[in-house]
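Each chain carries a letter (A, B and C) given by its place in the written order, and its residues are counted from 1.
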Amino acid sequence: MEIRSKEFKERAVFAIHDASLQQALGKARGGFVGKRAQQAAELPEFEQLREEAKNTKNHILDNLDHYLERYEAAVTAAGGHVHWARDAKEARKIILDICKRVDAKTVTKGKSMVSEEIGLNEALIEHGMEVVETDLGEYIIQLAHEPPSHIIAPAVHKTKDQVSDLFEAAHGGPRKTEVADLVNEARRVLRDKYFRADVGITGGNFLVAETGSSIIVTNEGNGDLTQTLAKVHIVTSGIERVVPTLDDATLFLRLLARSATGQETETYTTISTGPRRADDIDGPEEYHVVLVDNGRSKMLGGRFKDMLRCIRCGACMNHCPVYGAVGGHAYGWVYPGPMGSVLTPLIKGLDNAYDLPNACTLNGRCASVCPVKIPLPDLLRELRHMQHQQDITPAMQRRALKVWRYIATRPKLYHALEQVGARFLSAIAKDGSIRRLPLASGWTDVRDLPAPAGRTFLELWQGKRGQK
Amino acid sequence: MSAAMNARDAILGSVRNALRRGPLDDARRAELDARRPRHTRPAQDEDLVARFVRKFESRAGTTQRVASRADVPAAVEAYRTAMGLPARAVVGAALQDLSWPAGLEVHHGAAGISETMSVSQALAGIAEPGSLMMASGPASPITHNFVPDDHVVVLDAGAIVGHFEEAWEILRARPEGMPRATNIISGPSRTADVEQTIQLGAHGPRRVHVILVG
Amino acid sequence: MTETPIRGPRVGLFATCLMNVFRPNVGFSAAKLLEDAGCTVEVPANQTCCGQPGYNSGDYEAARALARQVIETFENYDYIVGPSGSCMATIRHDYPVLFQDDPVWLPRAQALSVKSWELLSFLADVLGATTSDAHYDGTVTYHDSCSGLRGLGIKGQPRTLLGEVDGLKLKEMEDSEVCCGFGGTFCIKYPEISEKMVEDKVRNILATGADTVVGGDLGCLMNIAGRLKRINAPVKVFHTAEVLAGLADGPGLAGAAKESD
């Protein structure tokens, strides 16, 4: 997928004025937040689990090479194949080669953010394959030719009316307007695809080294139909998703659904181990796992290691007021919201996503709900620091910081300027505030500037108390 | 193959480089392999069967209890007629020894696209979330769990464990090892992808009915 | 708050930039609350900014320069207390991080960190204040500023103390914990997003029917007050300290001065 994060500002403004989008976002916001809070409140051990999850992920990352090797051996022992991809291009080639070898015509897909990250659909379609997204949300946006706007609710930006239009255009009339009818229509259309599919591609929420299994978690069952009815099942997953044992996976499962959709558990948790066995009567004949690095191993060495703990629950974006205001598409690549604002610059380049770490108030709500306690605001600030050091920050801002530092480290000068400022602003104010201030239009375009009283606190204090 | 090997070595090398070390020595590897995590398990003070039923039904699943395995066919038939389903079912071979009613057309193959009802034997129940654990195999094919609109699952009340971790012990104890698919099912298929409105029967079964035995 | 017979702690009052320029009354309110609680309050003249604008803009060097200045100015006090969760969270949490590789400044940063307090949390958590003898006529809704709430755990303290104010009725708004859209330079760099956020905040404030909104950070309060003024909503805006000190008798932020002033 082409990155368009440089257009963040324009896309954000566009999003704010998109009435349908705002309607859809408004509906989503309260639901996710309230349900998660309820789940967290109902599980007394929730905070303890977050701490354990953080520590366990750190342990895994510190020994990632070992667990990856153990995982590979276990997959192989179960009759599956592990493929390693350094980057998006290698990953696409591996999957394309498998699809071509089995002469795939139809490829069904469960929701996989890694497949979005590596731009898989475009590559398969380019080679003449029919690619069908089967998660309802993914299916909707595929019909709309749009990328997902949320990592667990990809069509969260669409209203029911828009879905009705898309389905009518794709499936023919009569136009359905009830959610139940829309879901039934998708069910009917996609059933046929599952049974026709040559290759089924899913993501992997967890890869279990103990058993060589991949685990997916879904509510719809689409991932299961995808991976069961196709001849070949391919799992795409980041290298950081490995966990040592089923018991470790359990720790994260206890947090995932609660943090993501605010459910105690999602409907289906599926542990897949190898292809169908000799006497099985269904299941895929081949089982492949594509382990994608794509910048992850580099992240492991530096200040952004914490980001590799991410289990892709989406709680950070559900709780982000900026995401809530602009939706996912403004972010311009695969991963939106706070986690995306960290990942996108790291994977696609700091200068390709300048705004993402900056368009954040550092309010910390994301970190307070992250099930693996990723200090997202600190990582975003760290990216700003790197941008500053690499002169990616706008020249104006760097000059302003220099001037500010010069003045603020000279208290007498600073106070003199504060006094001048307080008097000036007080003098131009009317009825307690200032409506227009040319050099601060970013402020006054949106709101009045409350007027100062005229003299500064330090002046007044010294006048009254006569202290040094 | 050599390009693939290169990618593997390059990624593992890059991981080690990031961790500022070489491959782990054998002693450390053995230590990691011997690691047996004991994570916090949510406290439970409820009867396992009661908790399973309460949780499973909270997600639109239905349950009933019968005294013995021999009562299962009648319960299935009662469910079928109550739902107004055709007299046909795909039944896991694990249940083929039961005396199925003569009027019910039963087969034990995979579930095809037009299958309306399936009957499966669960390997275990997990009380913690109120979920079924299905182990795939010739006696319990995966398609039975996902294709038909109505999925009836037979669960021995004695096979309900408290936490996930106990369910994993059951898997580990299987002589044949892990099944191709271990499906943990917590109710009917659902989606909220259109305006966060919950709708049952997205892709998988619209109804999941558990017959608790014993 | 009762008078303490023994001489109380010597507190250096951190006069935040916004307070110094825009709202001196908050400083006097803070001083009054601290003195009423038995503290000796001093306002060192050598102080400027805590350095957070530099830190959050990624200019760590500038932030360190300012942090050193704050440390030098305040390290001899028993406590450094400021009427801002934002500035005080910077001093408490970020200074030790900024100097984590500096063997000379790290101990000094840590020493200041542990005696740095946001005003309300100092009053409640350190001095044990549970009552207020102030009077305020009105229905008040409280906005949780993010740094204070998540950085310093300020949630119950202001509500408890506000609840003690005679004549004051506290009414919670929906999403009181959601950011108002200020975010320092964020509100100027991304005005449209900030506008959307403050619009949501103001809608929640108005929905309570409260005539006054209070909070612990002037950045948020100026944003909220400026927006309320822009849409001509007659809701008064005060810092919590002003109400608790009984000094919320003048115009609120962005409020028109009375003729006698």
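In this section, a residue touches a chain if its C-beta (ideal position, glycine included) is under 8 Å from a C-beta of that chain, and two chains touch if they have at least 3 such contacts.
Please read all numbers here as calculations on a predicted model, not as lab measurements.
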Relative to subunit C, chain with the most remote C-alpha centre: B
Chain nearest the overall C-alpha centroid of the shown protein atoms: A
Interchain centroid distance [CA atoms averaged], subunit A/subunit B, Å: 29
Whole-Å gap between the CA centroids of subunit A and subunit C: 33
Chain centre separation (subunit B, subunit C; CA means) in Å: 53
Multi-chain contact sites of subunit C, meaning residues that touch two or more partners: none
Sites on subunit B at which at least two other chains make contact: none
Of all residues in subunit B, those that touch subunit A in their complex: 4, 7-8, 10-12, 14-20, 23-24, 28-29, 32-33, 35-43, 55, 59, 109-111, 113, 129, 131, 136-138, 141-143, 145-147, 163-165, 168, 171, 177-197, 199, 201-205
Complex interface listing, subunit C residues touching subunit A: 15, 17, 19-28, 31, 42-49, 51, 53-62, 65-66, 69, 146-147, 150-151, 177-179, 181-184, 186-198, 200, 222-223, 225-227, 229-230, 237, 251, 253-257
Of subunit A, residues touching subunit C in the complex: 9, 12-13, 16, 321-322, 325-326, 358-365, 367-368, 381, 383-389, 393, 397-398, 401-402, 404-405, 408-409, 411, 414-415, 418, 421-422, 425, 431-433, 435, 440, 442-443, 445-453, 455-458, 460-462, 465, 467-468
Residues of subunit A that touch subunit B when the two form their complex: 24, 27-28, 31, 43-45, 48-49, 52, 56, 62-70, 72, 78, 83-86, 90, 94, 134-137, 140, 153-156, 158-160, 163, 179-180, 182-184, 186-187, 190-192, 195, 211-213, 219-222, 224-225, 228-229, 239, 244-248, 250-251, 253-254, 261, 264-277, 279-283, 291, 293, 297-302
